[in-house]
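So that you can tell them apart, the chains are marked A, B, C and D in the order they are listed, and the count of residues begins at 1 in each.
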Amino acid sequence: MAPLTLYTVSNDLVSSLLTALGNAIPNPVGAWLKSPDLITGLSVLVFAAILLAASMLNTILLIWWERKLLGRFMDRRGAMHVGYAGLLQNFADGLKLFRKNTFQPREADSLGFYTGPAAYMVTSLILFGILPISSGWNSGALPLTLLLALAIFSFAPLFIFISAWSSNNKYSLMGGMRSAAQMIAYEVPILLAVVAVVIVAGSFDLTTIVYEQQNYWFWGPLVVALIVFVAGMLAEMERIPFDLPEAEAELVEGWNTEYGGMLFAFFMLADYLRALVGSILVVLLFLGGWTLPTWVPAAATSFPLAGIFWFMLKTYLVFGLFVWVRAALPRVRTDQLLRIGWNRMIPLSLLSIFLAALLVTVKCLPFLGCVPSPGS
Amino acid sequence: MASEPAVPFVEIEALRAQQFVPAAKEALSAMIAERGQEKVVRPVFNWAGRNSLFPLHWGLACCAIEFAAAFGARWDAERFGVVPRSSPRQCDLMIVNGTVTWKVAHKLITLYEQMPEPKWVIAMGNCATGGGPFRTAYSVVPGVDKLVPVDVYIAGCPPRPEAMLDGILRLEDLIRERKE
Amino acid sequence: MSEMWINMGPQHPMTHGLWNLRVKIDGEMILDVDPEMGYLHRGIEKISEDRHYNEVVTLMDRCCYVAGFAWEHLYILASEGALHIQPPERAEYLRVLCDEFQRIGSHIMWYAAFVQDLGLMSPFLYGMRDRDLVLDLFQSYTGARMTYEYMRVGGVRSDLPPGFTDRARQVLDWLTQRYEEYDQLCLGSTIFRKRCDDLGTLKAADCVAHGVTGPMLRAAGMKRDLRRDRPYAVYPQLDFDVAVADGADVTARYLVRMEELRQSVRILRQVVDWLDRHPGPVMAEQLPRWLGAPYAPVGAEGYLLKRNFPKGVGFSSVEEPHGEAQAYVVNEGGEHPYRVKFRSPVFANISAARQYLVGYHVADIPPIMGSVDVCVGEVDR
Amino acid sequence: MQPADLEAALRPKLGDRLLTVEPFARTAGRVRFRRDGALDLFRTMRDDLAYRHLSMVGAIDWVDHREVFYVLWSDERTEYVLLSADVPADDARIETASGVWPSANWHEREAWEMVDVLFDHHPDLRHLLTPDGYAFHPLLRSFKLHEPEELEVKTRHV
C-alpha cells in the first residue's frame, strides 16, 4: 500500500468521483472526464483547497491558543464564553469583520490600499504549499524548498510598506518604514543561520533536513543558529519584543491603523499565518520535524497520522514559547532593534556557520553533541 | 464682553451635531434597506457581531479607569470577546467613558464617523449619559446623545466594572433581537 | 521623511487620558513638542463656586480620579483653614490612612499603565489585580471604589467597619510580596534597563525652574516631600523615609515610586496600629449645622450663623501621588466658597514636556510620558 | 521667615511699590505689591530670597478689581510665600513672571483665559484649557452657569 499522503488522498477522491461520473455519461464527455490529465489537475485543486482550509483552521486555532495562553500568563482566563472554552471566538471575530462595512480613507491610494493586504495574505498562504507537514504530506519534492520558503517569507515588508504608504496616515507610514527596516535587518542573520543548518544537513530540501535529524535533532549541536533563527523569526513575525511596526503605545496600530473590516482581518490572519510558518520552520529546521527520537517507543509513532500529530504538537509548543516571550518582555526601540540585528545577530550567525563547519569536520563537539555525516 | 453665558459656542457645536445626526441616520437606513434581504445569514452574523465587540481604546475621565479595570484580571472582559482596539477603523463599539466636553465633541464625532458600520455606542456613566455632576458647567456636553446616537446607557459615577460588562451584555441582547 | 507634525491624541494609546501631544518629528527623532490640554476641562473651579463646602468634595474625587482621597484631603485642609475648623485626631489618622492607601493605588495604576507603554503586557493585569485589593478596602468603609466623598469639613464621614484593620494588614502583607515581583519583571529585564536608563532626563535645576514636583523631582536627587517639609495631618508623628534617586531619568522615577510604595506600606502599618488602639470621634463637634448636613433645611439660626461666619482664606498643600498639589479657598461668608483655585502637580509636570522629550525617539514618548504619570482630570480640572 | 523679616528684606529694593506684608495661613506671609513693581519683586524673591520654585499663579475676580496671586516655595527654608497684586478690572494687566520662573508660563495662560488678566510680554499667550477662539472668561463673577432646566431648552432642538 502506498503511503498515505495528502496528494494521494485528493487524487483518489477525485479519480473515484470522476470515474463514476465518466461511466455514467456517454462517451466523448465521459472519456474526457476519465482522462488522467483532468484527474491530476482537479486533484491538485482539491489538494490546494484542503491545504487552504487546514492552514486557515490552524491559524484560527493558533490565535485561540495565543489568547488563552496570554490569559493564563496574565492571571485571567481569556475568551471563554463563545463556544467551548472560547474556541469559536475567533470565528465570531472573523465573521463579524467579514460583515463590516468596507471603506477606504478619502485620500488613500486605492490600488495599493487593496492590493497590499491581498498580496500579503496570498504570499503568506503560498508558503503552506511548500512546507512538508509529515512524511509525504507535502505538495511536491522541490530540491530547494527551504530557499523558496524564505524567499516568499521575505516578500512581506514590500506589501506592508505598500499598504502603509497608500493608506495616507502618518502612523501607518512610520510603521511601514520601521517594518521595512526591521525585516531587511533580520533577513540576513536568518539566512546565515539557515546556512548553518544546510551545511550540516547537506541539503536545501526541508524533507531531507528533517530526515537528517532522525538521530540527532539540530537544536543541540546548532544552538547558536537556533537562537539567531528564533530571534530573527520574532522580528520577522513582528512579535514582542520586536513588534515595533505595530507598537501600540506610540503608533496606534502601526501600519494597519487605517484598515478595518475584512482588510484588517486579512492582515490579522496573514500575521498569524506567518507566525505559524515561523513556528513550523523552527520545528522543521531544529526540532526534528515530525520525527521523534529513536528511544521513544514505537507505539508513539505508529498510530494513524502520528507524524502530523507530533508535528503540530511541536509547532504549537514553539508558538507557545513565542507567546511566553510576549507576556514577559518589553519592546525594544527602533535603533536598539537595528543595532541588535546588525551588530549582534550577524556575528552570531557567522559563528554558527563556523560551528556548523567544524561539526561537519569533526562530527562531535564537547557540550554541543554530535551530528550524522551528511548524506548518510 | 464677558458677561454672557456660553450659549453661542454651545450652539455652534450643536449645529455641527445637527448636520451629523441626519446624515448618520440616512446612512443607517440605507444600510438597513440593503441588508433587508439577508434573512438566512443574519442570525449567524448577529451571533458573530454580538460575540465579538471591539470597543475603541480611549479614556475620557474617571470611567476610563473602571473601563480599564474591567479588562483587568478580576473581571476580564475578554471572556466575552471584548478586546479594545486603538484604531477606530477596527472597532464596532464606542464606549464613551467619561465627561464629554465641547472641545472634544467634534473629535468624538470624527472618531464615530471613522468607525465602519455596523457600530454601536455605549454611554458609560452619568457624565456621558447626561453631564453628571458637571451638567451645569459651561464646557460640558450634557449627554453624549446630543452628538452621536447611543444604544445603551450605563448608570453610575463611575459604574463598577460589573456594570460595564452588564451594559455590554445588554448591547448583545439588543443585537440579538435586531430586526433591521 | 522630512519634518512633520503628528498629533498624539486626544485618542491615542499613549495619552492615558484626554490630551493631545503635538510632536514635530524628523524620521524617528523628536524636534519639538507642544502639549495641548483642555479636552477634559469641566470647569470644576467654576462649579465649586456654586456648591456647598461639602459638596465640592464630590467634585474633588472626580478632579483626579486615581488619587481622589489626596484631592479631598487637599481641599478639606484649605476649607478648614478658611472656615477655622479643627478636626479630631482620629479623623486625621483616618485621612492619612486614606492618603497612603490612595498613594499605593495610584502608584500601582501608574505601574500598570507605564509598563504597558513599554510593550510589557502582563504587569498591567498584575497591577490592576493588586489595585483592586486596595479598592476593596476603600469600598468597605466608603462604599465606593473610586469616588468616595468620604472626607468632610471637620472630619470624616464615618468610622472604619469592624475587622478593617486586620484586612488592611493582610493586604499590606500581600502587597509587600508583590513589589518584589514588580521589580523582577522590570528591573530584572535587560530590555527595560536598556530602554529606560538615561531616558527623559530632567535635572534638578530644570525641575525647579519648571515647577516640576513629586517623584520626578525626587528622582532628580532632590529630597523634597511635603509630608516632611511642611507636614500636615499627623505626618510628624509617623516614621518614614523620603524616597530619592539620582538618575533623573525614567529608571530613577521608577525606583522612586517603587520605594514610595514600600514607604507607604510602612506608614500604613503604623497608622493601622494607632487606629486599633485609639477609638474616638471622627467628626469635629460644634460644627455649623449647614456644614454638618448640607442638605438639611437651614433655619433662622443657621442663616444667622451663615451670615456671621468669619471670613477667611485657606491655603493648603499636600504631597499627592503625582507631586505637590495646592489649594486656595476664599471664604467670603456663606455656604459657598467664593473662589477655589487648585494647583495640579501634573499640570506643571506636563508644561515642562519640551525639556524632557526633545532629542529622544518617537518610541520614547510613551515611557517618558508614562514616567510622568499623567492624570488629565487634575490638569484640566 | 516672619512677615516682618520679609518686609525688611524687600522694602529697600521696592520702596513704596511694596504695600504690606501680612501673615497668612501656613506660609511665611502674603506680600502685597503694586503691579509696576512686579518684575523687581520677582527677581528679588528668586535671586536674593531663594524662592526658586513658583508653584502657582492664580487670579481672583473681586468684581471691582482683580487680584493676581503667586505662590512661591523655597527649598532652603522649606516654606511658602504668597505674592499678591491688585489690578483694576478695566485694565487688567500685569508683567509676566515667566521670564523669571519658566513654570509661570502655563499658569498665566490659564489665569488669562479664566479671569481675563493680561500678562504683558508673555511668550505664548494662547488658550490652554478652553478651545481656541473661546470668547468668554469663565471664572469672572459675571459669567453665570446654566441652570439645568435652561440647558434643556437650549439643547432640545439638537
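Details
Quick note on the criterion: a contact is a pair of C-beta atoms (placed from the backbone, for glycine too) under 8 Å apart; a residue touches a chain by one contact, two chains touch by 3 or more.
These figures come from a predicted structure and were not determined experimentally.
Two chain pairs, B-D and C-D, are weighed by contacting C-beta pairs, with C-D ahead.
Computed from the mean C-alpha positions, the centre of chain A lies at a distance of 38 Å from the centre of chain B.
We define each chain's centre as the mean of its Cα atoms; on that basis chain C and chain D are separated by 24 Å. We define each chain's centre as the mean of its Cα atoms; on that basis chain B and chain C are separated by 29 Å.
Contact of a single residue of chain C with at least two other chains is seen at positions 12-13, 38, 41, 43, 46-47, 50, 124-126, 129.
Multi-chain contact residues of chain B (touching two or more other chains): 72-73, 86, 103, 136-139.
Annotation for chain A: residues touching 2 or more other chains are 74-76, 248, 252.
Per the contact rule defined earlier, chains pair up in contact as A-B, A-C, B-C, B-D, C-D. Listed in rising order, the residues of chain C touching chain D in the complex are 37-38, 41, 43, 45-47, 50, 81, 208-213, 222, 224, 229-230, 312-317, 324, 326, 328, 330, 338-339, 341, 343, 347-348, 351-352, 380-381. For chain C in complex with chain A, the residues that touch the partner chain are 1, 4, 6, 8, 12-14, 28, 115-122, 124-126, 129, 185, 189, 191-192, 194-195, 361-366. Against chain C, the residues of chain B that register as touching in their complex are 56-62, 64-66, 68-69, 71-74, 86, 88, 98-99, 101, 103-104, 107, 111, 133-134, 136-140, 157-158, 160. By the touch criterion stated above, chain C contacts chain B in their complex at residues 10-13, 15-18, 38-44, 46-47, 50, 58-59, 61-62, 65-66, 109, 112, 124-126, 128-129, 131-132, 145-147, 376-377. Contact residues on chain B toward chain D in their complex (touch as defined above): 1-11, 14, 17-18, 21, 102-103, 135-139, 142, 146.
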